[in-house]
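Before anything else, here's the structure in question.
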Amino acid sequence: MELKYNGTELLICLSARIMEDRSSAFIGTGVPMLAAALAKRLYAPNLVSVFEFGGVGSSLKYLPRGVGESKTFYRASVASGICDIMETAARGFITYGFLGGAQIDMYGNLNSTVIGDQAKPKVRMPGSGGANDVGSFCWRTIAIMQHDARRFVEKIDYLTTPGYLSGPGAREAAGLFPESGPYRVVTNLATLGYEEESKRMMLISTNPGVTVEQVVENTGFELIVPDEVGQSEPPTEDELRILREEIDPEHLYI
Amino acid sequence: MELKYNGTELLICLSARIMEDRSSAFIGTGVPMLAAALAKRLYAPNLVSVFEFGGVGSSLKYLPRGVGESKTFYRASVASGICDIMETAARGFITYGFLGGAQIDMYGNLNSTVIGDQAKPKVRMPGSGGANDVGSFCWRTIAIMQHDARRFVEKIDYLTTPGYLSGPGAREAAGLFPESGPYRVVTNLATLGYEEESKRMMLISTNPGVTVEQVVENTGFELIVPDEVGQSEPPTEDELRILREEIDPEHLYI
Amino acid sequence: MEILESGLYDLIQPPDIDGLRKWNRENKSMALESKLMSEKEAMERFVSDGDYVGFELYGTCRAPLSLVRELVRQGRKNLRLAGQGLQDVDFLLAAGMVEAMDITYVGYEVHGLSPVLRRAAEKQGVKMVEWSNAALAWRFKAAAMGVSYLPIRSMLGTDTFKYSAGKVAECPFTGDRVMLLPALILDCGVIHVHKADQYGNCMLEGISGFALEMARASKKLVISAEEIVDNEEILKYPDRNVIPYYHVDAVVHAPFGSHPGEMPYLYGRDEPGIMEWLQVTKTEEGASDYLDKYIRNVPDHAAYIELVGGEEKLKELRALSVGR
Amino acid sequence: MEILESGLYDLIQPPDIDGLRKWNRENKSMALESKLMSEKEAMERFVSDGDYVGFELYGTCRAPLSLVRELVRQGRKNLRLAGQGLQDVDFLLAAGMVEAMDITYVGYEVHGLSPVLRRAAEKQGVKMVEWSNAALAWRFKAAAMGVSYLPIRSMLGTDTFKYSAGKVAECPFTGDRVMLLPALILDCGVIHVHKADQYGNCMLEGISGFALEMARASKKLVISAEEIVDNEEILKYPDRNVIPYYHVDAVVHAPFGSHPGEMPYLYGRDEPGIMEWLQVTKTEEGASDYLDKYIRNVPDHAAYIELVGGEEKLKELRALSVGR
């Protein structure tokens, strides 16, 4: 029997499977938080959640609605402040960083500031927040995106958060820390990564029921499609049960 | 009847009288601490003691032997750390700073590092400690010194802590904060200050029983002696009683 | 110092550390004196037209909203703002009190964009200079350290840098390219804490956000506290005093001062209250009506609390707190 | 970046932040694992010949002396040292284990100069690079912030600068001359705290000195604690956890670990014990005999405590604490 699940649940499960045990993840509210909670229960029991305003290592028993809420440091190891957390990331302690945005390009650069001109925008979005810092400091960033050609674009209107910038060597040339940068993009259509040499976005696996062609069509730049493209497993019974019954029983997010 | 007192007691009383009420003083152990405690009881009830490793506003009920001891923050307003305290001084919160040293010159520059060459010294002293910072940040520094021509010298062997450096404008030219710098020198012979224009050391008043000539003789550089030189009052009965009975009843220092 | 790159904007507040030192010398006292006063008196005395102001923590979490509301009630012109937050920034923008801001993030996280910010940027031409969250906190930290700038390894290579007022130079020790952040000195900082004594000594519980840095970067500093405690508690635990009294100009007793936001360990977030704001601000009129109803037509914080449900509501919010 | 002046010395430890990041990625784990071990194991595993090491707080106050003594017991060659302290530095210098040091202050305050330091500088040619106390703390802070340097407004115009390894440049925002301090990364930092759990989470009482900065600036970090507490205490008060476990490599249970120094709120300073050291170190032989008697001929910290007077002595020292 096929299990039913929605798009958000799929994004959460795909993201949860990426994280290794004994690592840490810089997370914002929404999908990343649920993904971290799910990973902690199933795949990475020692995964440590990090919230920018000071919470590290919360049990994530309660789902916060904001990155500064009490629930981000409920029974946590640390409740400090933004400087301490960001400096901890700068010192290389944080493995994963979750990011989002309205636009992404082939090098994983993200826009969450404006559509149009910065001084006179068509759409003003929230701005960087901690995203630029997360994108600068974490070893591996994971972007979670809706996948369509308006969002996966040749040229983003504004570069809020650094991906690989203009390509190989560009992060280092700009002054960003070596060996840090984009790692995965998880979308409603696929999981993507980056080609080692060119630093360009590359398809890794398509979501259940999605074809390679659909992914390519919905990507506004030339996507690298390797000979072997995987197919992601749909959410398992275990994943869905834990997600629905333990992590978000009030269905705040799913 | 003349009161008997020793040299340390005199230094303490002279120093205590300098501090204004509602101000703060960066103090090391020894004379400055006793002076602050005495000032607090008699002349400046709102004087706030500041210790470099984190204590601010202790009652000074117990006399510490070190600037990091518990007694420096016993019933204090603040027990933080060295960065917080030094940064508070950098932001202009600390009025007075007490200093000492083996040598002082006419611009109030102090040496507490070496006699002889830095790399191969005749005498190695402790080094700057917090002194350089106190001399850089406090609005008014007060040096407490033994007064003789070997200590009050034309040229100090090593400039540990900035006075007026090479004279008018030199502090600002070096990058130090405007309007900060040496204010008084309290010695076993006299109280000295600095001439407004030349920033050179100037006699203010001689200690009880000390002549202007004695001060000049014991000063190894050309001391400015104004037409009017005061005579410091000896320790009062009140000062000595409080000092001996309340502040240092175990005679740790006096 | 050779500058390799400069952000496009001019600073909207200069990093004048010498000026901060003089201000502190002339206006701050080390004497222990009561600074207890009402929201009204604090905002009247310590925020002026044209001031550069900032609010900690985060609009819906330990935010000094009773003071923000009072500021809206009094009205103030041409404020410049450290734009990191949610309802705090929204209120001031919606009231048309802001001329320019250093912005890092104004939005409602999972609930999406701020319609108020959108109008301010898209239609009203409020000037916005861009920074990251950490960069803004580090700019406060620079001022708190008494230095005019700090180097960091963030913002590099991005438009977040390009539309900032920062600079890029080489580290003279390593040759690394570093971003240089100018110190940010607030004319007035406003912070909500768990406990304060009458002199302004403050204790926080839970995350400290950027309270310590902002307090020390503020020329004038207004504290609101859920509880006013005896100085004895500070003297006993001076190691928990995160904002020493000598930084503080006003202490306001403001229970539930963060409403509709939450206060760690004391009360939870009033979600319907926040959603109401988000709903009505879809139009300019809606926002204005809200400001009239909940702020301008209400004399003070006590009356506001009555209006939003009084003791009944507070009981409910207390129950939402997750505890330790 | 145009450098206006440079200190005469070369750095004795490079401010390699990229290296620190890689070290942390490869050697530090975010997993909660017990790090409890003895002084012996901790020093054997985490201090190597040639390491750059540092000890907090201050030689006679909350100092990790049980670990310093163990290091002397084991012997180590060519250490480089953050030279800010009293007995901690003295012990290592007297044992001939130090090749070079960044020095700010080594002495006994009211009791005067350190004869051990004098011999090291005047006769043994130990290399000494000069800094102020705040400068050294800020150098740790730079590393803790993940930046290779910090600007400050101290040390300028003095020989303390001239005999340092710092630089002077102009602030690109204000034109002020500022001193640039290179980050100081410790190969191994050693800190004594009031309470730690088995994972390394730490709670301090009283002043924090430069513990927070040094912990974060250390590649390897050894903690000794008066008391080992259950992790539950941290989970309940995460806001009092000043050194998170992920920085820590070893946790050593060391009651009276700061002896003959004091520990705030727990025990006072053993003045005769300190005076004995000061007395005997007037000669090299005296110092060496002391090291034999109190350190080398004693197997461990427990035996040391017995040697200096055992429970009787501890009772006396507890009574000296001034409390809150």
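Just so it is clear, A, B, C and D label the chains in written order, and each chain counts residues from 1 on its own.
Everything that follows uses one rule, which is that contacts are C-beta pairs under 8 Å (C-beta built on N, C-alpha and C of every residue); 3 or more make two chains touch, one makes a residue touch a chain.
These numbers come from a predicted model, not from an experiment.
Participant: Take the average of all CA coordinates in subunit A, do the same for subunit C, and state the distance between these two points in whole angstrom.
Facilitator: Centres of subunit A and subunit C (C-alpha means) sit 28 Å apart.
Participant: Please report how many Å separate the Cα centroid of subunit A from that of subunit D, as a whole number.
Facilitator: Centre-to-centre distance between subunit A and subunit D: 40 Å.
Participant: With chain centres taken as the means of their Cα atoms, state the distance from subunit A to subunit B in Å.
Facilitator: Here subunit A and subunit B have centroids separated by 58 Å.
Participant: Among the residues of subunit A, pick out those that touch two or more other chains and give their numbers.
Facilitator: Those would be 55, 73, 75, 79-80, 83, 90, 137, 177.
Participant: Among all residues of subunit C, which ones touch two or more of the remaining chains?
Facilitator: Subunit C, residues with two or more chain partners: 17-18, 145-147, 152-153, 176, 178, 206-208, 236, 238-239, 324.
Participant: Does the chain-touch network form a line, ring, star, complete graph or other?
Facilitator: It is other, because the touches fit no line, ring, star or complete pattern.
Participant: Judged by the touch rule stated earlier, which pairs of chains are there in contact?
Facilitator: A-C, A-D, B-C, B-D, C-D
Participant: Note which residues of subunit A are touching subunit C in the complex, please.
Facilitator: 28-30, 52-55, 62, 65-75, 79-83, 86, 90, 109, 113-114, 118-133, 136-137, 158-162, 165, 170-171, 173-177, 253
Participant: Can you list the subunit C residues touching subunit B in their complex?
Facilitator: These residues of subunit C touch subunit B: 17-18, 20-25, 28-32, 143-147, 199, 201, 216, 234-236, 238-239, 241, 244-246.
Participant: Okay, in this complex, where on subunit D does subunit B touch?
Facilitator: 57-58, 60-62, 83, 86, 103-107, 109-111, 113-114, 117-118, 120-122, 125, 127-128, 130-135, 137-138, 141, 152-160, 163, 168, 176-179, 206-213, 262, 264-265, 268-269, 271, 321-322, 324
Participant: Which residues of subunit C touch subunit D in the complex?
Facilitator: Per the stated touch rule, the residues are 1-3, 11, 14-18, 145-153, 167, 169-174, 176, 178, 180, 182-183, 204-208, 236-239, 324.
Participant: Under the definition above, what is the set of subunit A residues touching subunit D in their complex?
Facilitator: 21-24, 46-48, 55-57, 73, 75-80, 83, 87-93, 95, 137, 139, 177-179
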